[in-house]
Structures are given as structure tokens and as C-alpha cells.
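Shared between the two complexes below is chain A, which pairs with chain B and chain C, respectively.
This part shows the complex of A and B:
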């Protein structure tokens, strides 16, 4: 029970920090839109006609945008912790390192899911996917969009499970924040692959029936949540 | 003669024996002819990669529990060798692909996952070189464990992402007996070579840390 309260307070602290200044939120919002825009310009004249190809394009753009936005968010959030030894301050209150890890995962997840909620419809419109969706998806557009956000959120959970522990490590190297992307991207390869496959399936059939990629997303998230939960203690001590 | 030299001589002998078995004992494959010979080193290196990264993971766990510097040294040495053997796999793979599938590179499942594996451990070293001295060992141990946990997931997901062009396990079992023997011996040779290089690399690491201690003591004096 005490652990649960700790987690809740830490999440509130993280979210309060993010929403008081809003600079990270604005930054990653603009950044994601720019990524989508660059892809729209790059593919603009030659958007594939086939709905499935268009869905593939949209899925890859979405996952690219959110992976990089996630990396920026993680870097920022751990910079705040490392600055002026804030992390030591939190530790002095007697918070369990594992609870700190979980709270960080959850707050980053909440933050990024909000971003996905805003950016996904805009991106789908920019890439002109909404117009070519098959009739079966058009009928249940809102439901499909919600499912898509759900898939993105599960993928983001896997992303955060590894991302939080890796950024805890990489931000200790002063002035070399770009390291996070080099270390994290190969590690989250299964997430991006599975997430993109699920997104394509949702945009073309409106469902995930018989799709095993979703189970890869879930298994990945669980495996890494459990192992990082145990290992985070060593990261925070340094 | 020291033990290291003995292992070195053993590795050399094994390698020559492997060359003999691969090139004159094993039967020439019917469709791919001599090019198939690369299989013996390609697959054996791939097996050695898993052993090497497995050793890294194991000694990373041991380091986190026992905090002895020598465990960290073994983990790093093994990761380095893993990258070397992984590079061999990535270089011999395209040569095989060129003759078997008529292309140097395609996003075939195991080629892709080996590339990701390679990138993961390159990142391990990039990160390690950027970390401060006091945190370096713990952090790279954590990363060594996480990266190895990821290996089966990467392999599994890439496998189902792409239809598999690689010969399935069944066909490997159907190899001609002489081929199996040659393959086993080349794997043995590469494993002994791995052990030899690991010991050498570990000794270098130890000397390096001794040198650092001496330098530090000298600085204290002056």
C-alpha cells in the first residue's frame, strides 16, 4: 500500500513538472508534426494508391514520429532528475528505486499517449489515409481510431519499459544525450515492428483478429517491465 | 609454457584441422559447389556469437551480485569477441546470399536480426566509452543483461515478420555425414579460438587496470 502511494505521488510530481512549464509537451508536439510533415512532403506526389500500402506508410510514419518524440521526452525527464541532484533528493525521501522506475514508466506513458491522441488524427489526415480507408473501417472510424491509439499505447509501454532504464544510464554521460537514440532504437526494434504491423492491420481491416503481433507487444512489455524493475536499483545508485 | 600459450597452440591446431575437414574431407555440395564451404564458418561463427553474448550476460549478472572487477572484464572481453564473430557472420552471410539467392543483401529474417544484434552490442560499447569511470561497470552490466534478454524476442519477431529463406533446421539434419563432421569440427575450432582470445583480452584488461592503479599512485606521490 505504501509503495502504491509512493508511485502515485511520484507520478503526480512528474506530470505536474511537465504540465506547469508545458515546454516538453509543445516541443514534442511540434516535433511529431514536423516528422509527419517531412514524410508528407517526401511522399506527397507519390502517395501509394493501394489502401494497404497507404496504411503501411501511415503506420511507419506514426511509429517513427512517436519513437523520436519518446526519446526527446525521456531525455528531458531524466535531465530534470539529474539537474541539481534532484534524483538524490527523491532517494533521500526513502522511495524504493523500483517504485521510482514504475512511476517514471507510467508518467512517460501517460504523457506520450496524450501526444498520440492529438497527433494521430492529424497525421492520418496529412497523409491522406482517412479518405482511402476501406468501407469496413470507414463505418467504424472512431472505434478504429481508438483501437489504434490503444495499440500505440501498448507499444509505448514497451518503449517506456526499456527507455526509462536506458535513459537513466545514458543521461549520466554529460552532454551526450544523443546516445539514448543509438542505444534505445536497436533494443526497441521488436516494439516498432510489432506496433507497425498491428497499426497496418487496424487501418486495413479495422481489427486485430488472428494477429499475433499484439502478443509480441504485450510479451515484450512484460518481460522488460519485470527485468528493468529488478535492475533499476543499480542504475539509480550510480 | 604458460596455459595461454597452450590454448593458443590448441586453437591453431583445431583451425588447421577444421580447414582440412572443410576443404578435403567434406563432400562438395551438389548445387552450390565450393561456395557452400562458407557455411561451416558462417554457422559456426553464429553459434559462437550466442555463446559470447551469453557469457557477457552471465558475467554481467555475476558482477552486479559480487561486484568483482574481473567479472566486468570478462563480460566486456566477451562482448567484444561477440561483435567480432557477429561481423564475420554479417560478412559471410551476403557472400552466401549472393550465390544462393542471387542478391548481396535482402531483409531476410536471420540476416536482419543479426544486424540488429550487432547494432545492440555496438551501442553497448559506444555507451560504455562515454560513461564515467565509477558508473561504467554497473551500467554496462545492466545493459549487457537487457541486450541479451532482447535477443530471443528480436529473433522470434523478425522470423515471423519475414518468410524464412534460411534452410530450416530439418535440412541441416539432412546434411551428408561428412559435412556434419566438418561442421562440428569447425565449430569446435572457433570455440577454442574464442576461449583463447577471451583469455588474452581478459589479461589485457587486467594489465590496463593495473597500469591505471600505478599511474594513480604515482600521481598521488607527486
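This part shows the complex of A and C:
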């Protein structure tokens, strides 16, 4: 029970600090919108007519924006921990490193999911995806969008599961930010690949029935979450 | 009652042996001052004793518990004041103390925070962000944070550095208060005068090794300073 309460306080701390400064929130929002605009200008103003091509474009934009916004968020989040030895202060309280890991995953997930909730409709509108969705998808538009947010959230969970442990490793090394990007991107490649495939499937058929990629996305995210939860103690305590 | 017992602690960074067989013990109600020049290994020793860094070899127990094998179990017995605040400077002292107090599981936390802020004379600044504080105010905040969970063993790394005369006197007073309450305390410093007034036993840390000097009752300040300077010249 004490461990559960500690996780809650750590999550509240992360979110409170992120919302106190607001710089990360503004940075990742502006960054994501910029990615959407760049793709819109690069592929527009006349986008591909084929709904599948349009869905592929939307999936590329969303997963590119959220992957790099995630890296920025992780960097900023661990910068706050590194600054003035705050993470050592937390370690001294005797918090289980696995609980610290879980709290970071959840707080980053909450933060990025909020971003996805705001940016996804904007991206779909800018890329005019909603205009060309097949009739079967148009009929269940809200449900499809919710499923899309769900897929993005599962992908983000996988991203955070990997990203937090890599950030933890990079905390105690030199070249922190570059190490995070260099090590993290190959590790989250399966998440991005599976997430993008699921997103295309949702925007073209409105469902994931028989979709192999959703299994990959869920299994990869959960396996990494469980193993990193168990291994984080060695990352932080050495 | 022995609060800390360290035996043959060594720490090697690459090819440099920073600590070389350190033996140390601290009793309840005892303040041990460790004098050493810059680079002597004082900070490394405090980091090891606070369980934040693992020694290369050696053993130490805190309150009878093997601190190397069970760092999480012993941390709630420790109050650490280091060079860095170990806190979130965007937050106020109140917010920091509340957050860390909750993680430690402190009972009657609001009262504890109010008492501590009054003790370190930060009540008027309780809701100001720590990042705007002067060095002296930050040091007082760090001491309050180290005491939030009423630890039995305090580890102060250079607690007087960068402080003006009034702030040094304030820290001295706090150390004496905690000693009177039966806490054990290790402080590192290169200032023999302040260390003499703060501590009840003195050690030198030179070339990675501890050299016992004397109990306070056995030595005058002038003799302590003379011995320290003599050892530094060797």
C-alpha cells in the first residue's frame, strides 16, 4: 500500500512540475504542430485521393510527431530529476526504484496522451483525412477516432516503457540527450512500425480485426514494461 | 549505541584510489568531524555512507543493517546534506518538504513541516520557490529537508561552505541541537575552527585514509589546527 501511495505522489510530482513550468508542454505542442504543418505543405495542397495513401500519410505524420515529442518529454522530465540532484533526494527516501520507474512511465504516458488528444484531430483535419475516409469508417467515425487514440496510447505506453529505462541509463552517463535518441530509436522501432500499421488499418477499415500488428504492439509494450520494471533497480542503484 | 560502523571501505575511480581502507564508526549523540583538503575523498565517503554510491570494497552497517546489501532499508535512518540540494528548486520549501515527507511516510506532516520551517527560520519564505534563495537560505532548506523524517544519523558534506558568519553560526547551532537530541552526525569540512566547535571527535581524511586525531576533551583548537596544517604539508 505504501508503494502504491508513493507511485501516486511521484506521478503527481511529475505532472505538477511539468505543468508548473509549462515549457515542455508548449515545446512539444509547437513541435508536433510544426511536424503536421511541414508534412501538410510537403504533400499538399492536393493530397492523394486514395484513402489508403491518405491514411498512410496521416499515420506517418502522427507517429513521427509523437515519437520525437516523446523524446523531448523524456529528456525534459529526466533533466528535472538530474538538476540539483533531485533524483538522489528521491532515492534517499527509500522509494523502490521499480516504483519510481512505473511512476515515470505513467506520468509520461498521461502527458503524451494529452498531447495526442489535442494534436490528432488537428493533424487529421490538416491532412484532410476525414474527407476521404471510406463510408464504413465515416459511419463509425467517433468510435474509429477513439480506437485510434487507444492505439496511440498503447504505442505511447510501449514508447514510455522503453524510453524511461533508457533515460534512466543515460542519467548516469555523459552525452545524455544524444544517447537517449541514439539508443531509444532502434529500440522503439517495433512500436512505431506496429503503431503505424494499426493506425493505417483503423483509418481504412475502421477496425483491427485479425490485425497481427496490434498483437505486436501490445506484447512488445507489456514485455518491455515488465522487464524494465524488474531491471530498473540495477539501472538506478548500479 | 553504534549508529554506523564502516570497515575497510575503498573506492576506486578508473586507476585512482580515492578511498583506501576507511574504518569509521559513529555513536548516538556523537558528532564526528572529518577534516581533509579538496580532493581528499570527503564527498565520495559521504556518498558511500549515504548509500548513493557503492564502494569498490569494504562493508558498513547502519543501525546494525548491512547498508551495501540493503540500501533501501537503511535510507530512512539517514539525513543527508550534500553539495547539491537533492530537491526540486522550482518548488517552494513547503512543497518539497511535503513531497519528501510523504515519500518517507512522516506522520503529522503539516505540523512537522511548520516546526522545521520555524526551526530553520524559513517560515516567511515557505511558499517561495527555492531557486530564488540565497546560498544561506538554500542551506537552511537543505537541513530542514534532511531532518523531515527525523533520521537517527546525519551526514553533512561541507555544511559551512559558501555561508556567511551568521549562517555558519546557525548551522552550528542546529548541529548542536540535533546532537543534544541523541542523533549521530558526520560532517566533513576543511575548516578546523568550525569543525572543532561543531564536533565531539575529530578525524583527518588524507590520501584516502582516515587518521584518528582526538576527542574534543583531549585537544585544543590551536593544537588541532597545528596538527592539520602539519599533516597537509607532509
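Operating definition for what follows: the second predicted complex is superposed on the first by the 229 of 238 C-alpha atoms of A that agree within 3 Å, B and C clash if a C-alpha of one lies under 4 Å from a C-alpha of the other, contacts with A are read in each partner's own complex, and residues count from 1 in each chain.
We take it that a residue touches a chain if its C-beta (ideal position, glycine included) is under 8 Å from a C-beta of that chain, and two chains touch if they have at least 3 such contacts.
Given the structure is predicted, the values throughout are model-derived calculations rather than measurements.
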Touched partner set for A:96, first chain B, second chain C, both or neither: second
Chain B versus chain C as contact partner of A:237, first or second or both or neither: both
Which of chain B and chain C A:13 touches, first, second, both or neither: second
First, second, both or neither for A:215, with chain B first and chain C second: neither
Partner chain(s) touched by A:125 [first = chain B, second = chain C, both, neither]: neither
Chain B versus chain C as contact partner of A:85, first or second or both or neither: second
Chain B versus chain C as contact partner of A:138, first or second or both or neither: neither
Doubly contacted residues of chain A, that is, touched by chain B and again by chain C: 237-238
Interfacial residue positions of chain C with respect to chain A in the complex: 50-54, 71-73, 75-76, 78, 80, 82, 84-91, 99-100, 102-105, 145, 149
Complex interface listing, chain A residues touching chain C: 2, 5-6, 9-10, 13, 17, 20-21, 80, 83-86, 88-96, 237-238
Contact set on chain A toward chain B in their complex: 162, 165-166, 169-170, 172-173, 176, 179, 182-183, 186-187, 189-190, 193-194, 197, 212, 216, 219-220, 223-224, 227-228, 231, 234-235, 237-238
Partner chain A, residues of chain B touching it in the complex: 64, 116, 119-120, 123-124, 126-127, 130-132, 134-135, 138-139, 141-143, 145-147, 149-150, 153-154, 156-158, 160-161
